[in-house]
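The structure that follows is given in the form of structure tokens.
Lettered A, B, C, D, E and F in written order, each chain numbered from 1.
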Amino acid sequence: ERDKYETNDVAGVVTGLAWTSVGGDILFIESIISKGKGLSITGNLGKVMKESATIAMEYIRANADEFCISQKLLDEYKVHIHVPEGATPKDGPSAGITMLTSLVSVFTQRKVKSKLAMTGEITLRGKVLPVGGIKEKILAAKRANIKELILCKDNEKDVLEIKDSYLKGLKFHYVSEMKEVIDIALTKQKVKNAKKF
Amino acid sequence: ERDKYETNDVAGVVTGLAWTSVGGDILFIESIISKGKGLSITGNLGKVMKESATIAMEYIRANADEFCISQKLLDEYKVHIHVPEGATPKDGPSAGITMLTSLVSVFTQRKVKSKLAMTGEITLRGKVLPVGGIKEKILAAKRANIKELILCKDNEKDVLEIKDSYLKGLKFHYVSEMKEVIDIALTKQKVKNAKKF
Amino acid sequence: ERDKYETNDVAGVVTGLAWTSVGGDILFIESIISKGKGLSITGNLGKVMKESATIAMEYIRANADEFCISQKLLDEYKVHIHVPEGATPKDGPSAGITMLTSLVSVFTQRKVKSKLAMTGEITLRGKVLPVGGIKEKILAAKRANIKELILCKDNEKDVLEIKDSYLKGLKFHYVSEMKEVIDIALTKQKVKNAKKF
Amino acid sequence: ERDKYETNDVAGVVTGLAWTSVGGDILFIESIISKGKGLSITGNLGKVMKESATIAMEYIRANADEFCISQKLLDEYKVHIHVPEGATPKDGPSAGITMLTSLVSVFTQRKVKSKLAMTGEITLRGKVLPVGGIKEKILAAKRANIKELILCKDNEKDVLEIKDSYLKGLKFHYVSEMKEVIDIALTKQKVKNAKKF
Amino acid sequence: ERDKYETNDVAGVVTGLAWTSVGGDILFIESIISKGKGLSITGNLGKVMKESATIAMEYIRANADEFCISQKLLDEYKVHIHVPEGATPKDGPSAGITMLTSLVSVFTQRKVKSKLAMTGEITLRGKVLPVGGIKEKILAAKRANIKELILCKDNEKDVLEIKDSYLKGLKFHYVSEMKEVIDIALTKQKVKNAKKF
Amino acid sequence: ERDKYETNDVAGVVTGLAWTSVGGDILFIESIISKGKGLSITGNLGKVMKESATIAMEYIRANADEFCISQKLLDEYKVHIHVPEGATPKDGPSAGITMLTSLVSVFTQRKVKSKLAMTGEITLRGKVLPVGGIKEKILAAKRANIKELILCKDNEKDVLEIKDSYLKGLKFHYVSEMKEVIDIALTKQKVKNAKKF
């Protein structure tokens, strides 16, 4: 059964796109923080998807200024990243930008843009890399009531191969840099009942 | 051999519903706390079910205020979660809300509602997700002398497919949010001989 | 080769009952403590039997008052639990009450009742759960010169199915609560040369 | 799909050469540092490639003076090394000199020479060892717009077996010592927006 | 190739008996201590043999007085136990008394009796348990120039089944308690160049 | 492709002898130290070869005086041991004396004797044990331009079986004790640019 887009009321919850054996689907990356140390990851994830979470977290640590996150906050809070639904094994690097966005949102309490989904691998040099399954992911996004998508610039050619009628009602953002993802995905305003640090 | 509902005298003990190779059964999630640090989990559990315990605990850490649990209590106590019966391997995400309820009960010493069982996956954004095996679980609940059930709103359609005669004597609570689970499942009163913190 | 009952001179040594591929046998649960932190477990044990030791220890930590064990003692001593004989792999939850009794004995230095054996699973809510292999275990107990047995109330029906002549000379204690086990199994007196804490 | 050389704007990003089942390719070694302790490694790497990262890091620790890196910096910063692309498993010792260069670059913020790639195993005695797949790696380097290559002196004979026309436009540096790699690969100038320590 | 008895010049080196696929052999248990914490074990050992080392160490910790070993010494020194020869995998509980003797010797610097070998399982209640392969082990002991043997009392029956001519020149000590092993195996005198603590 | 002897300019680098599926070869054991704690080991090594490194390190810790290494140095420095070449899996106990020599050299900065190779298992009682593959190892040593060899006394018989013409130009040292290895292998002088502690 496929998921639908949900509201963006909670910081740290971002919509990604998955490519599974039964076609595409959306998935949610959820991050929460609490006083403590370390990074824990759940959601029946394989090694590569867990690595994406580590990469996203380390990138933020090394570039905290750029995201206006204080070193103190990173030092004093522990992060938990979860990807529902536990019964489904998940793997691969394509949730990278979704995880990065989720983490920046939870540490800044900035609101995620409404009806937005994304897919793309991240790197430590700040580049976004292309991923597979674009067609299936886009069909799933439409079905799930997504209106905007962030993809890697190098995935544009995959979109151009899809029939126009399938793309109707979808706005595409093609990016090369991880900074662009954050600029597009996170609004300037904080979520309601934002955590005070 | 199937289990029966037991009394709600002890904080931290909550009745869940399991779907096994031999049909449905009830199961108990048991939590205790003592001075110390960390979370330990036993009961012959698979990876996904252990992850549910981690998710529940991290959610409580990040939302301690909402459950009226002091940060100090979370910092100074260690938690042990156990799921009898050790001889039976158990897995899957469906004990999520039962684990959450168990943990909130043991940290608040609030009494669990009598003759209540529940099943549903939890998320870090506070939503309850639907789970499988609803029919088998409901039959097991009746057999075990359960009177009220908490299910995900998205599982209502599974209940509607069950013959009315099977549902007689059962009251259903359909929920979307994890907060609703706690409001329904935990009474305002503390257990007898409640721990003083 | 089957074991015989041994004396109860040493605190922390309790006789359990095992159900193996070659029939029933008694086994010994041995606990010792020394200055330090943590719980170590040996004896060629499987995952579930190791979990029993963890459950017993955590239950004691959370209910130390009830067993008249001081928090200070629990904080300052490390525990080692061993189950001879190393060449035989052992598993399952049925040594739970034996482990609990062993730990309470070693922390209180109370003497274990003479010629007593026991079998039953433990829970964090203080209940004793029934276990399998009752007939084989009872025959082994007789052979080993055991005179009294502690079993779960729910295992009484298994005993009633055994021919009376096999049960001659054995006294049965049926229990529901873990507290009852301790009351029956441990005498009021301390062992000779009891450790001073 | 094969990768292209990218710019050398970011410290800690160095171009290596990989030999895969579908021929040669370039790969990027990316290192970042942030306040903290330890070394984490991602990129779907096998045991030997992870060991290369450890060897490079330990070599730098033991020879910090030689690279003008202060002990204080090494003590106070944690390192994360990543090798995109997560979907591709990678292994082997041949990225050793690339990892060493990446780490020295990130700790000194020195700029990596433009359009340079390298391949070679490292040792704790400071020697560079030859590696396999030289022909495939060189073809991949050309395709990726690389202009200079660092190889082990002992790999020169593999280059001499390649047709001259394939080598046109490529400059080769043959090295025996790890120091030579750093001297060739890192410029004297720092990257723009270099981290201040 | 079979081993020969060696001299008892070094504290912590004790001769055991092994039963292998090619017959019996002697083996050496070697323990050393140095400032630090913890217990490390090498020698290509299986899980049960490693557990024997843990049991021996924990037994000594809990009964330090009995062996005249100060708590301070146990707190401040780390132990390493090794069983040559690394190329041969070894397992089983029968080196238990040999490990215990080795540890007591290294912590007291008491000299091990000359031309003595032993085999037997240990328990936390201080009993020695019988082991298998007695005939093969005794033949190996003779071949290795051993003159005295410590065995479990329950293994006496296995010795009685062996032809007298095979036993000529061997003196047997049958023990039930671990204390007896130490009394027989360790002389009152310290080794030459004994460590000063 | 087989390796050649290299110079002895660097402390901690010692030449060993390996017996592989394609015949004998020399190998290098490389150790470096830096401020910190612990022992890390790389080189695609199996369990037994890693254990050799642990044994060597623990032996040095327990006998630091004998090697004129201060306790302070051992406490304040971490050690990394590497065995090139990463692409080749390696295992077995025969590099023991080579690892011991490498560690003593790096901690004392004493120069290793020129054109020397060695092979032999180590023990905690200070004995050197014989190893296999002597003929293949000696042929490899000659090919690699080695002039002196350290072998276990018990391996002398293996050398005597080799045709004299194969042994021409090689000097053999047969040893029983680990101390003898160090006396032969390490010169009195320090390496050039020796580390100051």
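The rule is short, and it goes like this: contacts are C-beta pairs under 8 Å (C-beta built on N, C-alpha and C of every residue); 3 or more make two chains touch, one makes a residue touch a chain.
Being a predicted model, the structure only gives us computed values, none of them experimental.
Enquirer: If every step must land on a chain the current one touches, say how few steps get you from chain C to chain F.
Expert: The least step count works out to 2.
Enquirer: Compute the rotation angle for the C-alpha superposition of chain C onto chain D, expressed as a multiple of 5 degrees.
Expert: When the C-alpha atoms are superposed, chain C turns by 180 degrees onto chain D.
Enquirer: Would the interface of chain B with chain C count as same or different, where same needs over half of all numbers used to appear in both copies?
Expert: Chain B and chain C contact each other through largely non-matching residue numbers.
Enquirer: What is the chain whose Cα centre is as far as it gets from that of chain B?
Expert: If we average the C-alpha coordinates per chain, F ends up farthest from chain B.
Enquirer: Just give me the whole-number Å value for how far the CA centre of chain B lies from that of chain D.
Expert: 51
Enquirer: State, to the nearest whole Å, the distance from the C-alpha centre of chain A to the C-alpha centre of chain E.
Expert: Those two chain centres are 59 Å apart.
Enquirer: Need the CA-centroid distance for the pair chain A / chain D, whole Å please.
Expert: 30
Enquirer: Residues of chain F that touch two or more other chains: which are they?
Expert: Not one residue in chain F touches at least two other chains.
Enquirer: Which of line, ring, star, complete and other names the graph you get from chains that touch?
Expert: ring
Enquirer: From the touch relation defined up front, give the order of chains around the ring, starting at chain E and going on to chain F.
Expert: Once chain E is placed first and chain F next, the ring gives E, F, D, A, B, C.
Enquirer: Report the residues of chain B in contact with chain A in the complex, numbered from low to high.
Expert: Spelled out, the residues of chain B in touch with chain A are 47-48, 51-52, 54-55, 58-59, 61-64, 71, 75, 92-93, 96, 121, 123-127, 129, 132.
Enquirer: Chain B touches which residues of chain A in the complex?
Expert: So the residues of chain A touching chain B come out as 6, 10, 12-13, 28, 30-36, 40, 42-44, 80, 82, 84-87.
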